[in-house]
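Submitted below is the structure of interest, expressed as structure tokens.
Letters A, B, C, D, E, F, G, H, I, J, K and L mark the chains as written, and numbering starts fresh at 1 in each.
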Amino acid sequence: MSVARVTEISATSTTGFEDAVRVGIKRASETLRGVRSAWVKEQQVRVEDGGVIEYQVNMMVTFVLDD
Amino acid sequence: MSVARVTEISATSTTGFEDAVRVGIKRASETLRGVRSAWVKEQQVRVEDGGVIEYQVNMMVTFVLDD
Amino acid sequence: MSVARVTEISATSTTGFEDAVRVGIKRASETLRGVRSAWVKEQQVRVEDGGVIEYQVNMMVTFVLDD
Amino acid sequence: MSVARVTEISATSTTGFEDAVRVGIKRASETLRGVRSAWVKEQQVRVEDGGVIEYQVNMMVTFVLDD
Amino acid sequence: MSVARVTEISATSTTGFEDAVRVGIKRASETLRGVRSAWVKEQQVRVEDGGVIEYQVNMMVTFVLDD
Amino acid sequence: MSVARVTEISATSTTGFEDAVRVGIKRASETLRGVRSAWVKEQQVRVEDGGVIEYQVNMMVTFVLDD
Amino acid sequence: MSVARVTEISATSTTGFEDAVRVGIKRASETLRGVRSAWVKEQQVRVEDGGVIEYQVNMMVTFVLDD
Amino acid sequence: MSVARVTEISATSTTGFEDAVRVGIKRASETLRGVRSAWVKEQQVRVEDGGVIEYQVNMMVTFVLDD
Amino acid sequence: MSVARVTEISATSTTGFEDAVRVGIKRASETLRGVRSAWVKEQQVRVEDGGVIEYQVNMMVTFVLDD
Amino acid sequence: MSVARVTEISATSTTGFEDAVRVGIKRASETLRGVRSAWVKEQQVRVEDGGVIEYQVNMMVTFVLDD
Amino acid sequence: MSVARVTEISATSTTGFEDAVRVGIKRASETLRGVRSAWVKEQQVRVEDGGVIEYQVNMMVTFVLDD
Amino acid sequence: MSVARVTEISATSTTGFEDAVRVGIKRASETLRGVRSAWVKEQQVRVEDGGVIEYQVNMMVTFVLDD
């Protein structure tokens, strides 16, 4: 790897944090070529009536520009 | 939402981090009205004989005072 | 507990973050005696073809020197 | 001042950040006695159609327990 | 909201910090669709002859990719 | 321990930082049940005529809700 | 610009944060030559009877030593 | 300068950190117009057989949108 | 000093923070040669019945490998 | 208080951290007028033969320019 | 060393970061007596036409007041 | 890579920061097997008579336990 770019992606899932990571990586890979890794920056949940209804992650996604 | 308060809650589970989040949110919602979201601040595990016996999360829980 | 040491361990799993925590704790406990707890410092994923292929955690592992 | 407590308050305004601070302080003072100061922790805006529609601040509010 | 992207925008104004926020949001919304919120990361001023001549903010701007 | 809450307490003493910790813990324990630990977040002193006249600590105090 | 020094200045205003910035920059420029910029490090308010009575900013002020 | 965008770029060199900065700036300037500055966020090395084989920097690169 | 290593040590005392520092340094020096300095990273207390029963410090201890 | 300056002072003592704070405040007050408070930024110890021989604190000292 | 002061210096060089450090140390030593060490806080570059034209460092410079 | 350990190494050089990195990596590799990477945590210089006499880096060194 020679030069890469890092961008922040936020994604949600009703299932859990790892699913939110997978959702975000899949969506990012549709737009960005060469996605190689992601670093989890934040984890949050949305709550309704005492229950978790949504898991959210913010990730720093690295994608390679030149190899 | 107009004014909200944010408080730190720590919760544990023998199952995993997401379960600890749910345990903490459920318990917080018994005392605090209007819980809307939580931000995971720390994740820890307790260990015995080389195995994880407890998952702990510390969360910043937001609950609305006035809507 | 009287005196303990804290060391950073990085571990990976193809299954998920909690499994990576368990893998790292198990391996650390083979070398270090008295492992009591771990604090999750970082969570990352490796990506290939738009899918997550590896989950990695970095943990600060505490092990007791004297009790 | 002898002993004080510090709690996080989030407040919004359609006017600006300073107004959000005043809104939050006023509301907090209805519930908490002895509010003396606040430290601005975060500033955010909500956006619609390219325009700011709401200003939000998160503050650490200090209120005295005993004098 | 399902997946969003977060990008850093820096904007200046001769009037004040909130105006700089509005300037940056307006300009970002010309290029990026679906801007929903911004988090103020840094606030700076430029000075000449003992007076403030420019207010600058750096913001983390969130825009939705899919809803 | 199952679920705990963490709150910030600020306390002062004319004797020293550890005394300020003890003063704050004692006062917090009058209002909050189940105080178990505290993490020192900040240490400050007030000064008059080149001498320290007051020691202040800010602590994150953990108290158990359910055991 | 070749070599500059950075010093922390704290200033207050009864009007607002931007006025506190201007007050601090003006006062700093009386003592320090070549003030070029300032970075807002902290924003606080003092409160009395549920109202804000003073706005305070702490700034890192940069002034040029040699050009 | 009126509005700018800041993006994270990662670049490597077999020569040293400053060369990695230059490599990243040069490559970023091929895609992004108006690059004005970069702030070094992280410096890392890759190691083989006790020797450094690659220097990597992560930089926050600022490029102007409107002047 | 040419090359040194830094390791995190946690130590407790029933007397106070400085005693905990001394306890940890003494114990670390039994295992590690060439301990030269330590940086206090965290200070905590354990509480029972409204009183402090144990002072804990976490320190980054530096010990020289070669001189 | 209207405008104040904040400067970092490092001081050492063979007795303990609080004595180092007092030593630094006393020395700073000889040069700087209007010292009002100090915030402890770092605490370190120097070690020889397994024993602490010196306590060092770094403090952010605030002194008033105009009242 | 007994009491020292720490001040932030920013310096630039067209050659590289280490040269910028040396430039800043040399200039600081003309005004301040007893400079003993410096800690690199930030590293930045200015860019023109895809090339680095200036290296800048911000350093925390320690100088001894009394020995 | 499956499980790795991360340890902090401090190294000095009279030549420059990159040489200090190489010195530290070389020395660490004599004691630790499987060193793969290092992350530069801090950069400092020692000063005498207005000139830099020593460059120091603190690095987080990663070495693989099992492959």
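Convention: a contact is a pair of C-beta atoms (placed from the backbone, for glycine too) under 8 Å apart; a residue touches a chain by one contact, two chains touch by 3 or more.
Nothing here was measured: the structure is a model prediction, and the numbers come from that model.
Annotation of subunit B and subunit E: jointly contacted by A, D, touch as defined at the top. For A-H, the equivalent interface among the listed pairs A-B, B-D or F-J is B-D, as over half of the contact pairs agree by residue number. Centre to centre, using the average C-alpha position, subunit F and subunit H are separated by 44 Å. Note: centroid distance subunit A to subunit E, computed from Cα atoms, is 23 Å.
Chain centres here are Cα means. That of subunit E falls 31 Å from that of subunit K. Counting only residues that touch two or more partner chains, subunit J has 7, 17. On the subunit H side of its complex with subunit E, the touching residues are 1-7, 60, 62, 65-66.
Every residue of subunit A that touches subunit B in the complex is listed here, in rising order: 16-17, 42-47, 49-52, 55.
Interface of subunit H with subunit A (complex): residues 7-12, 23-24, 27-28, 31, 58. Touching subunit C in their complex are the following residues of subunit A: 17-18, 21-22, 25-26, 29-30, 35-40.
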